[in-house]
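I have placed the structure first, in the form of structure tokens, so that the comments after it can refer back to it.
As written, the chain order gives the labels A, B, C and D, with residue 1 at the start of each chain.
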Amino acid sequence: MDFSTPPELQDLLQRAGAFMEAEVYPLEDAARESFEDALEACNEARERCKAAGLWAPQMPPEYGGMGLGFLPHAHMSEILGRSPLGHYVFGCQAPDAGNMEILHKFGTAEQQDRWLRPLAAGQIRSCFSMTEPGRAGSNPTWMDTTAVRDGNEWVINGRKWFTSGGHLADFAIVMAVTSPDTTPHKRASQIIVPTDTPGFRHVRRLSIMGDLGYGWQSHSEIAYEDCRVPVDNLLGQEGFGFMIAQERLGPGRIHHCMRWLGICERAFDMMCARASERLIAPGRPLGSQQVIQHWIAESRAEIDSARLLVYQAAWKIDREGTRAARNEISAIKFHAAGVLQRVIDRAIQVHGGLGMTDDTPLSWFFRHERAARIYDGPDEVHKTVLARTILKKYGIELGSQGS
Amino acid sequence: MDFSTPPELQDLLQRAGAFMEAEVYPLEDAARESFEDALEACNEARERCKAAGLWAPQMPPEYGGMGLGFLPHAHMSEILGRSPLGHYVFGCQAPDAGNMEILHKFGTAEQQDRWLRPLAAGQIRSCFSMTEPGRAGSNPTWMDTTAVRDGNEWVINGRKWFTSGGHLADFAIVMAVTSPDTTPHKRASQIIVPTDTPGFRHVRRLSIMGDLGYGWQSHSEIAYEDCRVPVDNLLGQEGFGFMIAQERLGPGRIHHCMRWLGICERAFDMMCARASERLIAPGRPLGSQQVIQHWIAESRAEIDSARLLVYQAAWKIDREGTRAARNEISAIKFHAAGVLQRVIDRAIQVHGGLGMTDDTPLSWFFRHERAARIYDGPDEVHKTVLARTILKKYGIELGSQGS
Amino acid sequence: MDFSTPPELQDLLQRAGAFMEAEVYPLEDAARESFEDALEACNEARERCKAAGLWAPQMPPEYGGMGLGFLPHAHMSEILGRSPLGHYVFGCQAPDAGNMEILHKFGTAEQQDRWLRPLAAGQIRSCFSMTEPGRAGSNPTWMDTTAVRDGNEWVINGRKWFTSGGHLADFAIVMAVTSPDTTPHKRASQIIVPTDTPGFRHVRRLSIMGDLGYGWQSHSEIAYEDCRVPVDNLLGQEGFGFMIAQERLGPGRIHHCMRWLGICERAFDMMCARASERLIAPGRPLGSQQVIQHWIAESRAEIDSARLLVYQAAWKIDREGTRAARNEISAIKFHAAGVLQRVIDRAIQVHGGLGMTDDTPLSWFFRHERAARIYDGPDEVHKTVLARTILKKYGIELGSQGS
Amino acid sequence: MDFSTPPELQDLLQRAGAFMEAEVYPLEDAARESFEDALEACNEARERCKAAGLWAPQMPPEYGGMGLGFLPHAHMSEILGRSPLGHYVFGCQAPDAGNMEILHKFGTAEQQDRWLRPLAAGQIRSCFSMTEPGRAGSNPTWMDTTAVRDGNEWVINGRKWFTSGGHLADFAIVMAVTSPDTTPHKRASQIIVPTDTPGFRHVRRLSIMGDLGYGWQSHSEIAYEDCRVPVDNLLGQEGFGFMIAQERLGPGRIHHCMRWLGICERAFDMMCARASERLIAPGRPLGSQQVIQHWIAESRAEIDSARLLVYQAAWKIDREGTRAARNEISAIKFHAAGVLQRVIDRAIQVHGGLGMTDDTPLSWFFRHERAARIYDGPDEVHKTVLARTILKKYGIELGSQGS
């Protein structure tokens, strides 16, 4: 058992952290209202990030990335997560990052050439169309979007939302039912759809917690209306949609958790700084209040223990694969999301009125990371799934909804 | 002991509720992005509200109001609170309502003629300048804004923020230190400042949780720069600023609490409706999930008990006055704010992705009512004050910060 | 709406409170290890209680009681609840009190003469046999104990536990299945069984949270082994067992809640006293700690709001009957139990090591009132039932287990 | 970073676990009422433990122990903690274990021969007298017990309580003020007092949460009344009492935390087993309830993350010493205690009425481990200390009580 970080990783993290402070944090003010306003500056920072050898930590060198293993990338993800702009500037922003991953794992050589290479280079953008407004995201096998084969084409029909980055994407990867009559987990396939395909209709950017957003910081509603793409646009095999989604989501949850811990650290730091600087009476800092001290202490313990739990899950994925670590992934997903929400809440309370304003990143975190308990499987689903697996060892079999 | 609502009040509440559903809720969609977009429609609804005899429930008939007592108005406040637009349409929106109250109690006849009458009629708008960016709102006696007498004028200097409605207001009531050398609670006075006075500078609308807002739904930063007003603009006596603020805030907290309970009921209703309509599998509503049932049950108990606590405080104010009910007011302020936050949070979780969008009022409640635990005294101050009063009966005297 | 207590009730409560302090609290030390050690002294206090006109507040005068209505008795119950000995000394201790109630409502004249009269006078003792070790108490219609009619006798077989006071009782009222093939809620009947009946076997007093207890403060396991009683011992009609149990439990839950609030007040008072007296440094009381102040404030708000919720439920029972107040009763049951546990927990923490000892009543409350969230329907059942009723208004019907 | 357990440690833990199940759990029933009843059987099990080579894991081989390092012993501590009897049977029970540790570190050769050797062999028993009834344990430098030098003797006067195992101990180590006028942390010394010394008066065993206890499972009040011991009985140097106590408490907290995690695992296992076996309706196990599933999932995540936090602290102690790991120790102390209380509480609720009885170890855990948040520094002190250290980095210095 060894809790130390290897010196070379420590060094890398320090460089990444320094880059964040020098190049990323200063862009936040401009991005606060809308990512659009900071886009150009972010893109310039991307070039500096490439020059600094910090681009695309998760991608193999042949795609211009750093080729970090899973656990080291988890460490990176925390550093980048401290700013809403970090992952974008470093070339590993959702949903592009997840799309790169599945294109890399399941794409044909042609698909990789056409889509993955420019995506990894940051030259094009992508989106991922899975969630539907009419169906509960907590039951991902139940969807209405269909892709029917017609000659050499898939004809896709349906409506998706929370298709992040949809309004600027060059292509979408869409989940659609291709075999409605088979077992639920084999009904859907993933298909690549260039966004200029007729029948791909961008309905609207959803206004989310007060923001329309822009680019990957936006979430679109998309209508697929007799949208036709070549059969070769199938990603992986027919009926593998759900399996690929799992491959995408499992490790993705680790990255989310690490990003949340980055947010926690940022909020924690702001909370402590505010507690130290703000006076409640002459000569008496806010941090002299015992209740605030206790929030600081509780946050410290919660963040640190949650981080270890995430590390351990990442370590297990590295050694035994995503499937073996399913329980661990479920546990960190809801556990870290809970820590995140509590820490942000305390940091806002310590900031008082200022915490309500958009003068600090806390408001952005508070508003947009409320979704942490919802996306990629709500808390309730992960808890149920974890408990079901545990109870199986005690001899009882429960359905996926727990009863 | 009697928990019934008198029939005539019940009838009034029903009429108010029906007006809300018919005239106010439909305006919400337009107001979602900015109150500005719904302003004209809201003003038309105000006229219908006057015509329906529901205008300004808290004001005496001579000012065009309904002349309700304190407890009945608390009941009304819950009904109106169900929509972010309710209080505006009914003519009892903060900060105008509070300003009406103190002008009515402490204003001279001239002041009442010039400011109160048109304010009560909804013809002009006002704001209240108390909180300062450089000083903790939790210690209201510590402020930097000063008003120095120079001949027949007050010369005001300082910076305020969270001056709600400041960008459209016709006049401000500003708290400023007039006697810096006396005992803390007697240092400040309240002064009426027309917003077209030279030296009243509107710095900016603060962006709050993603919204610039508009009108009373906005919060401004104001600079007072050698701003001169006649000495007659003093509200009440010199040095009474803090006392008047208490008179304003005490009952105001009841109204906030009742408004929050209105929000709770709206969110609760949406949560139950969503749990009933949304299917997680064919034929299986979300509300079949035991965890969601428990959120519903816990919310019901928490809302109902909090409401009774607020009623009791209002009842005590009606009988014994604000000062006698100080403990009760402190208790409801933090207790109801906590219930509010929990109920909104649960309602969002039940809505899943939809709860994150601005397609429902939940996002607005979640974002803007996070401030409930901060404004008018943060939870921490109210808890400390309440405990201090209780412990005094046990023989120990503690300073206002609790140690 | 009126939150005042009528002067005559106030006066009564004051007298009861004074009696508690003078006559009951002093008996606690002796009773701490086992109620047995204080029994004689308690019985003497009972006589003084009768002499003071405070005996059996809930019983009609013809049975020697005070004949209080439901809401006034709820008030009394809080006063008596402050000590584990209160209800016994005042002649309204569970399970005797509940048995008196159902004998009064459903007993024949003969049954009342033989069992109710001496029970109300405190001359005999009783117990109530419902819960079974082999069946979940949360599903009361599922029980294994049977009563089969054989000529003029019921032949009872089965095993019960948590039969409070079973080892000293003169008679038991036992729930047994008499019509196994009918609809679940009509299967059982209640039958009076003198404890000297052959086949009534007292197996053991359960050791509960460290105490064997004694008398009503003990909980027995009872075996019914071909236990025969006359058919006339049926209480009410055949198949009415469940209905009578509901009649017994509904109002009983109010009394439990009020008793818990009495415990809360006692613990709250001890917490404040300790915070005032205990020094953490010379001249610095424990209560100067902000965290402790906040526990005090939160406890105050939680207790007061919970009490109002219980009052309202009692008021509704008084006006509309138990059935109409079912939702309110479910809500207070879990809500007040939660408040109870939190307040006791805080009081113990404030007492530090002393709180762990049996030198104060806190340990007894902590240990034995953990059951508050379990008996008379665990929290989970009450929440599910309440939510189910609420959701029915939204158009969905859910089974009793919620799914 | 490596989360694996070395194979040889895994093997050892498995052997220890097997010994627990075969030799220790079966003794629990007898020990439930009082450890006294199981003493002889426990002592026999100790001999088998020695024979199995599992005795005194923390002691060096020259004292008959296994000589485990700190982190391996932490692992052992979790296994032993699953039963209230584990540490006793394995020869590493508090307070003996802590006394061995400080005698080993600070004792003279004579002291070690006389006290440590037989103690490590399990031939004699000891106690540790620090906490005083009249002084807050949260401020350990403030004590009233004094040791005044008189010739070749210390004359000790004062009153202690929570002197665990005091009624059977052969010697006590007592903290007493020897230099009242120096700086607070240097006022006290530790002195060895044979319990047959005149003036060592055993006042009583405290009744703790319903149990008088016996041996180390008991906590005594001790009066030191002109109690004289030779000056050579000083442990370490004069004025080093507090420092030695810190050396004893720091690692001791790790052991407590690991023991708590052992309890958590035991309670978790019982919770899952009960959820699987108990039916709430025919064919429907309790574990089909979603709320119970969520308790299981939350417990799993909380236990696992807390354990990693404790491991990390132990790992740091191993590498950098106790002082360097002070923050980590404070964090785990309150964090793990909180997890412990929540897990036990959930396990009891899942057990329903059975959870209230002493038929399972849950009641013992619930009652006696409530103290986990109090002893060795209450939560509140550890939180304050941790926050103070953190805030120091932000430039503010706060007193030890946080204000």
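Note that a contact is a pair of C-beta atoms (placed from the backbone, for glycine too) under 8 Å apart; a residue touches a chain by one contact, two chains touch by 3 or more.
As the structure is a prediction and not an experimental result, all values here were calculated from the model.
Between C-D and B-D, more C-beta contact pairs join the chains of C-D.
Among the other chains, the CA centroid farthest from that of chain B is the one of D. If each chain is reduced to the centroid of its CA atoms, chain B and chain D end up 52 Å from each other. Rounded to whole angstrom units, the spacing between the C-alpha centres of chain B and chain C is 43.
The distance from the centre of chain C to the centre of chain D, with each centre set as the mean of the Cα atoms, comes to 37 Å. Counting partner chains per residue, chain D shows two or more touched chains at residues 289-292, 294, 380, 401-403.
On the chain C side of its complex with chain D, the touching residues are 32-33, 131, 133, 136-139, 142, 161-162, 206-211, 278-282, 284, 286, 289-292, 348-349, 352-359, 363-364, 366-367, 370-371, 373-375, 378-380, 401, 403. Considering their complex, residues 289-291, 294, 401, 403 of chain B touch chain D.
By the touch criterion stated above, chain B contacts chain C in their complex at residues 1-6, 71, 272-273, 275-276, 285, 287-290, 292-294, 296-298, 300-302, 304-306, 308-309, 311-312, 315-316, 327, 330-332, 334-335, 380, 382-384, 386-388, 390-391, 393-396, 398, 401-403.
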